[in-house]
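Pasting a structure below so you can have a look.
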Amino acid sequence: MVGLISALILIPLAGAIALYIGQPKNARTVALIFNALSAFYALLLWQKFDATAPGLQIAERHAWIPSIGAEYLVGVDGLSLLLVLLTSLVFPFAFCAQRLERGACALMLVMQAALYGTFTAQNFVLWFLFYEMSLIPAFLLIKIYGGENRDFAAVKFFIYTFFGSVAMLLAFLGIYFAKGTFDFATLAGLGKSGLLTGNLKWFAFAGIFLGLAVKVPLFPFHTWLPDAYQTAPTGVSMVLTGGLSKMGVYGFIRLLVPLFPNEIKIAGPWLLALVVCSIVFAPLAAWAQRDLKRMVAYLSINHLGYCLLGLFAITARSTSSLIDTQAALSGVFLQIFNHGITAAALFYFVGLLEQRRGLRGIDDFGGLMQRTPLLCGWMSVAMFSSLGLPGLNGFIGEFLIFKGSFAVAASVTAIAVLGLLFTAVTFMRAMQSLFGGPLVESCSGFSDLIRSEKLVIVPVTLLMFAIGILPQFIFNIFNATVTHMARLFA
Amino acid sequence: MNSWITSNVWLIPAAPILAALLILAFGKAARRAAAPFAVIGQLTALTMSIFAFVPTLHSHGFRSVQNFTWFTFGEQTLRIGFVLDPLAAAMLIMIALVGLCIFVFSIGYMAEDKNFSRFFAYLSFFSGAMLGVVIANSLLLLFVFWELVGLASYLLIGFWIERPSAAAAAKKAFITTRIGDMGFFLGILWLYHRSGTLLFYDGGRGCLESVGLLALGASATFIALLIFCGAAGKSGQFPLHVWLPDAMEGPTPVSALIHAATMVAAGVFLVARVYPIFLVGAINGVTPSLTVVVWIGVATGLMAALIAVAQFDIKRILAYSTVSQLGLMMVSLGVGGVAAGIMHLLAHGFFKALLFLGAGSVIHGCHHEQDIRKMGGLRRLMPVTFSTYAIGMMALSGVPFFFSGGWTKEEILHATSQWPRSHIPYYLMLVGVFLTALYMTRQIIFVFFGNRRAASEHVHESPGVMTIPLIVLAVCAILFSVVLTPAWPWLENYLTGYPARFDPHLLIQPMIIVSLALVGAGVSLGIWMYRRAAGSDPIQQAQPALFRFLENKMWIDEIYDRTVIALAAIAARFSDWMDRYVWDGLVRGVGAIGHFLARLTTGADERVINAGVDEGTVGAHGFGRLMSRRHSGQIQTYLGAIALGMLALVLLYAWLG
Amino acid sequence: MPTLSMLLVVSAALFCIGLLAALSRRHAIFILIGIEMMLAAANLNFIAFWRFAPQPAPPTGVMVAIFAIAIAAAEAAVGLAMVIAVYRHFRTTNVDQLDQLKG
Amino acid sequence: MSTVAFAGIAILTLAAALAAATLQKLMHAALSFAVMFVGISAFFFFLGAEFVGLVQIFVYIGAVAVLIVFTILLTRHDVGKVRGFNWSGVFVAVAVFGGLVWTISKTKSLSIVPQQIKPVTVQRIGELLMTNYVWPLQCVGVLLTAALIGALILVMEEKS
């Protein structure tokens, strides 16, 4: 009998195999059917999930390679469930965004399975397997289906992330030889008293940090991201930002913070400095971009920076009170989810523009408001959500993060607020030159949103509003986990 | 009904917002229904506001609070709520009433516009958000509505987004206010951190109540100043005032009016709402934060009044007059005259709305000409507009006895004169009053008197749908003074919570003589100076340098362009450059070192150097080629790499020891 | 008596000379010679560690060295056979010109 | 084992090794190679592993060195032509040597002198080979056979 989570992981894989063997004509439809199935399972998981219990739930445990302490252990807590739901949401969204070829659809499904695995695995070996498994389809998707400059971007992406992964693997081997276990929960329990000693401690910390920082990415390990996001097809960019980048933040929460609480306290100021650089420099760089996709990519770095700001602020200082810790953690979780939706939506809109115009430079458009008011209106909603306008989803997460981090690191937070301002400036400039001014001739033939596009964008936007106005249903997923983790970190 | 509305006060902003959503949902199909929807929504809000107003009259210091949990995070809850007190109730009525007049006026003014329905959706949305600001009982909820007001103003300023100037003005407004809002946001965070709650009133535990205020301690000054940043951004206080005059790019009278009568009042309202925070640690009613408010207000008021003297655009004159009046209100709040400031805010809402609608009527009649030098002699052609405009002008100038503005201005001057710290603000305010009378006289002479000029041919009076709101507002501007007189200071006592008594002896105050003299001097000087001015300005001829300085708004925009904006743009380009060349260069450098070592082992020195140079120059393809080149196929290269790798491991092992 | 570290230094030197030969020389036979030297250095380490271990110790080092010699001999035989085969095919033994693995 | 003898053998071995690695003439290098193995065998004798030392001499000097010489003869057309020296190899080798020596010097537990031991007899080695090490022995046997056949196939004349 296959468990619920295993089924969730296997469904996209089955879809990929079906696409490969069956060679169906309409690959996207098949992929969407499998997505619907996995979404159904994800909802089932949500339904079975007991939101009041803090620990691991619906776990499946099988022996795998006992000699090295590797076992097949999957399960969900609030954070994992949140990310599983996000994955189930972003992938159909991405499939709807673009008519991908059969091979690309199969690769996307493999990536989806890997993401489900990453977010549910509770044993390092298994987790790492899925973590790396997502890398290969991402590489191939960029390399084969990417746009201009794809070879360079793909290799850079691969080498970069792979380098980070190797560092992390080495670090974990070190931990394994010291402690003899790969189990997350056991390791987290040992983390308090210090996992390792001497220089090895810092070596392991740096290795894991590097691996995750590249993935998120955190300044200054982010330079692969603009290239990769820029050249990848729209759907892949959406998945990269909506799913893959979350693996890094998830890793920080699940691995680095529980395993190295003492080291983070020492390295805290440096980490916060990097985060602030991420938050301030990324939107500034976004402002200077001419390519819309690159712009959104940079803003993505900025938004993930907020997640890490909250996380590092509460873990870097031992003085943080319970309310601040819980606020920051809730904010981080919510921000993860929000960013997944919002950034994917932004890439979706850039894709729509590119589809209509063939180009996506910010100067290639102008006066769209006259020609395509609906497109502009819905795109503005996504932009306002991204810049943290109250009433939309971005605001609550950011408010909670800043609330938590302000209490412990006021000066850092004050600088980070600049990031909010620069994000607004960037979006304002984009709106001005895309929507405003006289209608550019090359845009005069644009069609407004068609029915199928509306069907995609309206539910997503409604979700943004729902989270922005009545967020309780999202908080319910992870409140118990937040409480539990806050005790752990305190 | 009365008690029902006090416990469901949220319905007041909900009505216009619902109307906005309905109009948007129907889209273009709702063109005919848009205006009725919006007007009904606004009318509902007004009715409910009046019903909400009634219970506040029953008892002095009435305050009804409904708090509820917005969401629970972890084990903590975030609570927000709504409050109804005299301040909120008075603001509600002013906003709803002025808003209704605008709505009706817009039906006529925007009749030709192809995005008619969208315009009404925005207007309703704006009105709802503004009403929400007023009744919020939580600084966070207030911030939420505050930002929504900002969004609505962005949408309305940029309503004619196809005009590049409108798009730029909208962007400028949003970003400038957002700069202030970032300060406000930090203030909220700080306040939340210190007091543990963002509710204003919460049965003694709110952040404006004694326990919450005690918890603030010395940080209260900073929190107050940060919140004031937000207020300064919204209310166009120096140095964040630059967006307000540009905001006149919106649909002529309507958007301008919103930025003149209601939205900009939000900043003043905010300061009044969180006034207890400003007062923490006050000695004689003076705190450092309030002192800052006073001086910023004085600087704004005087600067804007000076600039207004040298403008030729009918709307810009009014815009600067708004900035100047807001400065006045801020001074009033800063010196302790909270009630006076709010009274002036309410009165200003009416007469400034009147003036802007009048200007809109003039512009409409003059076929969208806004330069006052090209108008003239409109007095006979547009009699209704003229007479209502004259009432508005006198109210704004502060002519005593009959006009609301006169009474409130005196109250403010009175409060300022008693400020213990310094008398300079008082004298500067007197200069401001004089200048106001001067530039309003100048404007009215240019527009309505003298001979007809280029734009005043074929002028006609506006239709009834536009003039009736003018008349309503003019009546309001006069009648409102009934509750403002010192003889029966009903409104002041209503706001401060004391019962009002009628005492006719207090009608004549010494201040009224000063005020009368100044206004009289300003008006007479204006008449004397501009009487003969036909299409040109006497100051311009007498003092061209000074005039140019004022006409160009003291070059503040230009200074910002050269400093702040230029710096930010440089920072952006620098970030991008760092990213492309330094951070990415580091990564490529690491790759190049690996490549270099690999090459070294094959001993092809020339190729190493070439490849190194290539690496620096080829850029895009370099990395890919590099990766393939490193696989030279030569066994010795691999062996060398293995040896170095082993060495690295050995060293690592020894170091970890 | 020499200490263990002196022996290890000698074997390290031997290893590095072998590495030098394997990396620097163009001729395939030199590469083989270098590899044999490195193997011999490793054997020396095995024996030395066995000898310096606290006694009594099982002669594991000796046994491993014997096996290593056997394997090295086999490697040398195959390696030299390959040199001959390559020479026949390409008419050269210069490894610089053998880059069929190039990517 | 006296320090003097140790130093002598070490110098001999390393000098021969260096010669084998750097001499221009292949034949000279092969001879130096043989000399180096004599030195290594001497180390083995001194360290009490007489049997390994003997095997070393038999296998290397008797078989491998001779094989090398044969190969040189078989490919002699090329011998004079392949020249050149890759100096970057020196860099790598010196770096590795430095790293190893630093590691050795840093490891405190290595500065020890040997204790007295019972010599390991050939009989004991034989017993061990037939008991504890019987599986590795079998594997080596297979490996040697495979190597023999492989070498034969490699050097067979190419058809066509």
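Letters A, B, C and D name the chains as they come in the text, with residue numbers starting at 1 for each one.
Everything that follows uses one rule, which is that contacts are C-beta pairs under 8 Å (C-beta built on N, C-alpha and C of every residue); 3 or more make two chains touch, one makes a residue touch a chain.
Fair warning: this is a prediction, and the values are worked out from it, not measured in the lab.
Trainee: By Cα centroids, which chain is closest to the centre of the whole protein?
Mentor: A
Trainee: In angstrom, rounded to a whole number, how far apart do the mean CA points of chain A and chain C lie?
Mentor: Chain A and chain C have C-alpha centres separated by 50 Å.
Trainee: Determine the centre-to-centre distance between chain B and chain C, using the mean Cα coordinates as centres, and give it in whole Å.
Mentor: Measuring from centre to centre gives 81 Å for this pair.
Trainee: Quick check: how many Å separate the C-alpha centres of chain A and chain D?
Mentor: Inter-chain centre distance comes to 56 Å.
Trainee: Measure off the straight-line distance from the CA centroid of chain C to the CA centroid of chain D, and report it in whole Å.
Mentor: 6
Trainee: Which chain B residues sit where two or more other chains touch them?
Mentor: Expected reply: 601-602, 636, 640, 643, 657.
Trainee: Residues of chain A touching 2+ other chains?
Mentor: Answer for chain A, listing residues that touch two or more other chains: there are none.
Trainee: Among the residues of chain D, pick out those that touch two or more other chains and give their numbers.
Mentor: Touching at least two other chains: 86-89, 92-93, 96, 100, 107.
Trainee: Select the category (line, ring, star, complete, other) that matches the graph of chains linked by touching.
Mentor: other
Trainee: For this entry, which pairs of chains touch?
Mentor: Chain-chain contacts present: A-B, B-C, B-D, C-D.
Trainee: Which residues of chain B touch chain D in their complex?
Mentor: Touch list, chain B to chain D: 600-603, 636, 640, 643-644, 646-647, 650-651, 653-654, 657.
Trainee: Would you tell me which residues of chain D are touching chain B in their complex?
Mentor: 86-89, 91-93, 95-96, 99-100, 102-103, 106-107
Trainee: Across the complex, what residues on chain D touch chain C?
Mentor: Listed in rising order, the residues of chain D that touch chain C are 1-3, 6, 10, 13-14, 17-18, 20-22, 26, 29-30, 33, 36-37, 40, 43-44, 47-49, 51-52, 55-56, 59-60, 63-64, 67-68, 70-72, 74-75, 77-79, 81-90, 92-94, 96-97, 100-101, 104-105, 107, 110-118, 120, 124-125, 128-129, 132-133, 136, 140, 143-144, 146-148, 150-152, 154-155, 158.
Trainee: Going by the contact rule at the top, pick out the chain B residues touching chain A in the complex.
Mentor: Those in contact with chain A are residues 70-76, 118, 140, 143-145, 147-148, 151, 158, 161-164, 166-168, 170-171, 174-175, 178-179, 182, 185-186, 189-190, 192-193, 196, 568-569, 571-576, 578-579, 583-584, 586-587, 591, 620-621, 623-624, 627, 652, 655-657.
Trainee: Inside the complex, what are the residues of chain A that reach chain B?
Mentor: 149, 151-152, 155-156, 159-160, 198-200, 203, 219-220, 222-224, 226, 281-282, 284-285, 287-289, 322-327, 329-331, 367, 369-370, 373, 384, 389-391, 395-396, 399-400, 402-403, 406-407, 410, 413-414, 417-418, 420-422, 424-425, 428-429, 431-432, 435-439, 470-472, 475, 479, 482-483, 486
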